[in-house]
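Some structures to go through are shown next.
Heads up, the next two complexes both have subunit A, just with different partners, subunit B and then subunit C.
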Partner chain A sequence: MNGSEINSNDNLPSAEILNCPKCRVALRVTGFLLTKNIACRKCHGIFNYSSGNLRLIKIFRKEKYNHIPIGSKGTIDGKKYEVVGFANYREAHTPYAWDEYILFSPIHGYSFLSVYEGHWNYLEQIILRPKQIVNDVNLNGDTYRIFNRYKQKTDYALGEFPWDITENSNTITEYINPPYIIVHDKGTNEETWLLGKYITPEEIKEAFNLQTHLPEQTGIGSTQLHASSASLSKVKQLTLYVVLSITVLQIILSFTAKEKVVFKDQLNIPANKTAGIVSPPFILENTLSGKSNLQVELIAPVHNSWMEADITLVNDNTGEEFHFEQGVEYYSGVEDGESWSEGQNYTDLTLSYIPEGKYHLNIFPATPDEGVGYFQLTLTQDVSMLSNFFIILLLALIFPVALWISVSSYEAQRWMNSDFSPYNTE
Partner chain B sequence: MFKLRNYLIILAILLSIYLYAALTGWKFFGSNSEKWSPKQEKGHHK
Partner chain C sequence: MEDKFNCSCGYSICIRKSVTVSMACPSCRTLYCFGNNEFIKLSTLKPITEDVSPLKINTEGVLESKEFRITGRQQIIYNSSYRNLWSATYKSGEHFQIGESYGTYTIIKELSAQVSPTKFRNLKIGKEIELPPRHFFYVNGMHEMKELAVEGDFPIPIILQPKCLSIELSNNKFEFVIINIFGDSDIRISSGHFLNFEDFSFKNTRNLNEWI
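Take a look at the complex of A and B:
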């Protein structure tokens, strides 16, 4: 018989039936020679099973509810199992309790389903011993970080077990690499390594065809994956490519920008404050899109004063006007023995989306200071826009940064249940 | 839930906007009708 025959024929070997020596209820033995302990569902007695004989070793006083009934059959990872045992454990000297279901397959042996706060792990024994690296372990090149170490106490058991269920001296160590977990069960004379994987309640219900409700999930499971954690490494890589691409693109655009000075003149401020200045005409050259930006620089020799220019850029062909104001101010002095200065005599602004064509400027300068007699105006067509680069970069980074924060806070929450948290700096 | 495909679409849109702005001289958050008035900060120190 092989595994595929078991799967396809839906047959598992029939169990041996024994009577409980205490209450006479029928007890099933599915594991035969592998079975070490049997727990009675009626009298809650734990019996040592050996050569077909049962010897009472303990009675549990409290009964616990098992969501998957003993004898349920189901398929996990393509392996057909029968639920042969159920145990409720507690971390010694703490209130932390969890359930474990013992699954048996005559082909694949024993496997386990453990559930803590509604989070399930499916565990199988592994022969390969993971490599210990300080506190952590490595299996097949993957590092599993230590998550928990404790001694467990059995509070309740039902069904059959391939080990002494009343033995409470073993040290259990859990190592995680979500969604995987390695569990090391070390006793005085023997040790067992289990490799597990997070399994959703929906998968459990489907595997065992359960109609009942499974325990509600609370918190984050030790091996539960963030819904988008798989995307994070791809997003990190993608973000790097995007940042590099936009940077390279910006460098190319900076080098290819025409930066053509179309108007530069030193203009005198009219004595008559209401008088304006009309500039000579100038041309905004043809571009690929027919539009370009236009940088306007204003320099004025202000000192403890200001100078303002009310400027209208007029398209001589269409009559379209762009009206804006520019100004400079600069102040300096000495106060309480310390010199200070504020402002500057230079300013610039960039007009967007200006159509090509013939233009002139209507300028109305204003200053309260008679000493500021002139100003210099420079218009440059098609300048590189660094602010656009930073805005696009910022927008491109919002998504990955938000994802990174979400995954990081999720991980921090996961490790709150651990004594070995890397987030604990105390 | 975060979808990688959505992020790729967003990146493609952002890149398109960036290139369009570079071609047309569109400055993000720029204004063609800027206003100015003196702060007269000298007064603060007197």
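Take a look at the complex of A and C:
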């Protein structure tokens, strides 16, 4: 196949240099046919560019400093660009202003760097149209929530632009899914969808080899990620697994718990207050771990009285002792026609890690002078303990809950700049 | 199979025998179309405007393991944008077009349209429409054509109409449609899909060393 004799220009053209019709300063044109407007650094005039001719559209009254010089070349996401334009926009009828750098590549076309309060986004046109879902949009399965909708006003421009920069009738809608943003620019004859990503000032400096300081960051950027937000979803998932595992383990332990009553007796309180009671011996049976818990229940018929016991569990084989105290009290009466009561006649506690073996109890009960005459003691081996389950559950939830609170607070701050905030920001 | 054709300006143009249907003289920019066993002079067009495209006539590439070569370009200039329609031919002789505009690339084939232009006259940006067979698209551009420039040769006729409304549609499946309404009644629908520059494995492009 060799049917054409056209001799196309093999090299891409160098920038065309024109003189500003107003102040004669040299103006660069790199986009040729693609360039619609050119703005002059010296006289701040913005010109319509067509077929090599310049026609003044307006003159900007204020000048803005561009941190990345026009003509700078840099690489972002592996794509080489030249900075060809710079604009300062303001949301119409508001004081909110931001800067935008127009990047050009003959291969990839135009891309943009947008910076608001020191927070940067790198935006490229996307060909895949996001799906509209009520107020939000979905792209590749990810939902982007509406963040802002506005018309913009151009306060300053420098360099060249592939559209009429002074034409500000388009409606701009921003949707966010940090660190990503989708920008929908809808006009009468055309709509454009841009996909952006948060980019750090350090990345900008590296991309364009800048030695200058970039604007200081204030507040939270619309697409800025919380330092741990990326891991929040992983932590959520991990927490779910941990909670499920703990719950399953607790269910297994509950079903396999022997809950064997090894001692149950009603014991009289000796008249001699210093005398103790020695219980009959009982056996704590072998378990898988060799040790088990032991629940001690004490019931005494107290009424407007109290009873307590100093109890020692003694291993008859080893002499090892486990000392604990238990007590009950119950009071009731009528005061100003209202009946009241406090306390109860029942108490229990659970001893952990008690080895198997033969045991007896040494009990030293105490009551007031008109105290009760007896009490009931029940010892149950290998009981299911819900308290441990809840303690472990609580420990497992501390970090994820703290992280969630931190991320939520961060998100609330982010959305303070939005008219579509899901948070109450009154 | 090459042949020679002498333009009225005296320039001798290489054409592809039995293939070339339209061609533009590289010297005087006269557009010819083949009909009644001869090339008929249609019009003299404006020259191609520099648009910093990485492509050129004779750029080659590979799509789906098939080699192709670009033989012609229609540079369509709208009121506020532009589009290059590069005419490309596989070695097998099969023809297709590559749409190129502001760094986006599409491959396009013309469909046989049996549709009334009135269906598309009152479209608005963002409106969803259905095109057979059950493909849904959104209108994302409506442009009045301002100028057409042509270079190279084409195995298809080039339509010259003073008035053309070009409606661009896309969807969320990388599909793309252009509806061109010429004059009041002539409608041409082309469809295709988006690709990345890298997907074409282009070679013999313009010198892109600075940009790769």
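Note that in this section the second predicted complex is superposed on the first by the 386 of 426 C-alpha atoms of A that agree within 3 Å, B and C clash if a C-alpha of one lies under 4 Å from a C-alpha of the other, contacts with A are read in each partner's own complex, and residues count from 1 in each chain.
The definition used in the following text is that contacts are C-beta pairs under 8 Å (C-beta built on N, C-alpha and C of every residue); 3 or more make two chains touch, one makes a residue touch a chain.
All values derive from a computational prediction rather than experimental measurement.
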For this session: Would you check which partner chain A:C40 touches, where first means subunit B only, second means subunit C only, and both and neither mean what they say?
Result: neither
Problem set entry | First (subunit B), second (subunit C), both or neither touched by A:F399 | first
Exercise. Touch check for A:N388: first (subunit B), second (subunit C), both, or neither?
Worked result: first
Exercise. In the superposed arrangement, which partner chain does A:W306 touch: subunit B (first), subunit C (second), both, or neither?
Worked result: first
Problem set entry | subunit B versus subunit C as contact partner of A:I246, first or second or both or neither | first
For this session: Once the structures are superposed on A, label A:Q326 by its partner contacts, choosing first (subunit B), second (subunit C), both or neither.
Result: first
For this session: For A:I172, select first, second, both or neither according to whether it touches subunit B, subunit C, the two together, or no partner.
Result: neither
Exercise. Is A:L158 touching the first partner subunit B, the second partner subunit C, both, or neither of them?
Worked result: neither
Exercise. Which positions of subunit A sit in both the subunit B and the subunit C interface?
Worked result: none
Exercise. So in the complex, which bits of subunit C are touching subunit A?
Worked result: 2, 13-16, 19-20, 26, 49-54, 56-58, 69, 71-72, 77, 79-82, 89, 91, 101-104, 125-126, 138, 140-143, 151-153, 170-172, 174, 176, 194, 197, 206-208, 210-212
Exercise. What part of subunit A is in contact with subunit C in the complex they form?
Worked result: 1-13, 30-34, 36, 51, 80, 105-110, 125, 127-131, 162-164, 186-192
Problem set entry | subunit B residues touching subunit A - in the complex, by the definition given at the top | 1-4, 7-8, 10-11, 14-15, 17-19, 21-42, 45
Exercise. What part of subunit A is in contact with subunit B in the complex they form?
Worked result: 227-228, 231, 234-235, 238, 242, 245-246, 249, 253, 287-289, 291-294, 304, 306, 308, 322-327, 329, 331, 333, 335, 340, 342-343, 349-354, 382, 385, 387-389, 391-392, 395-396, 399-400, 403, 406
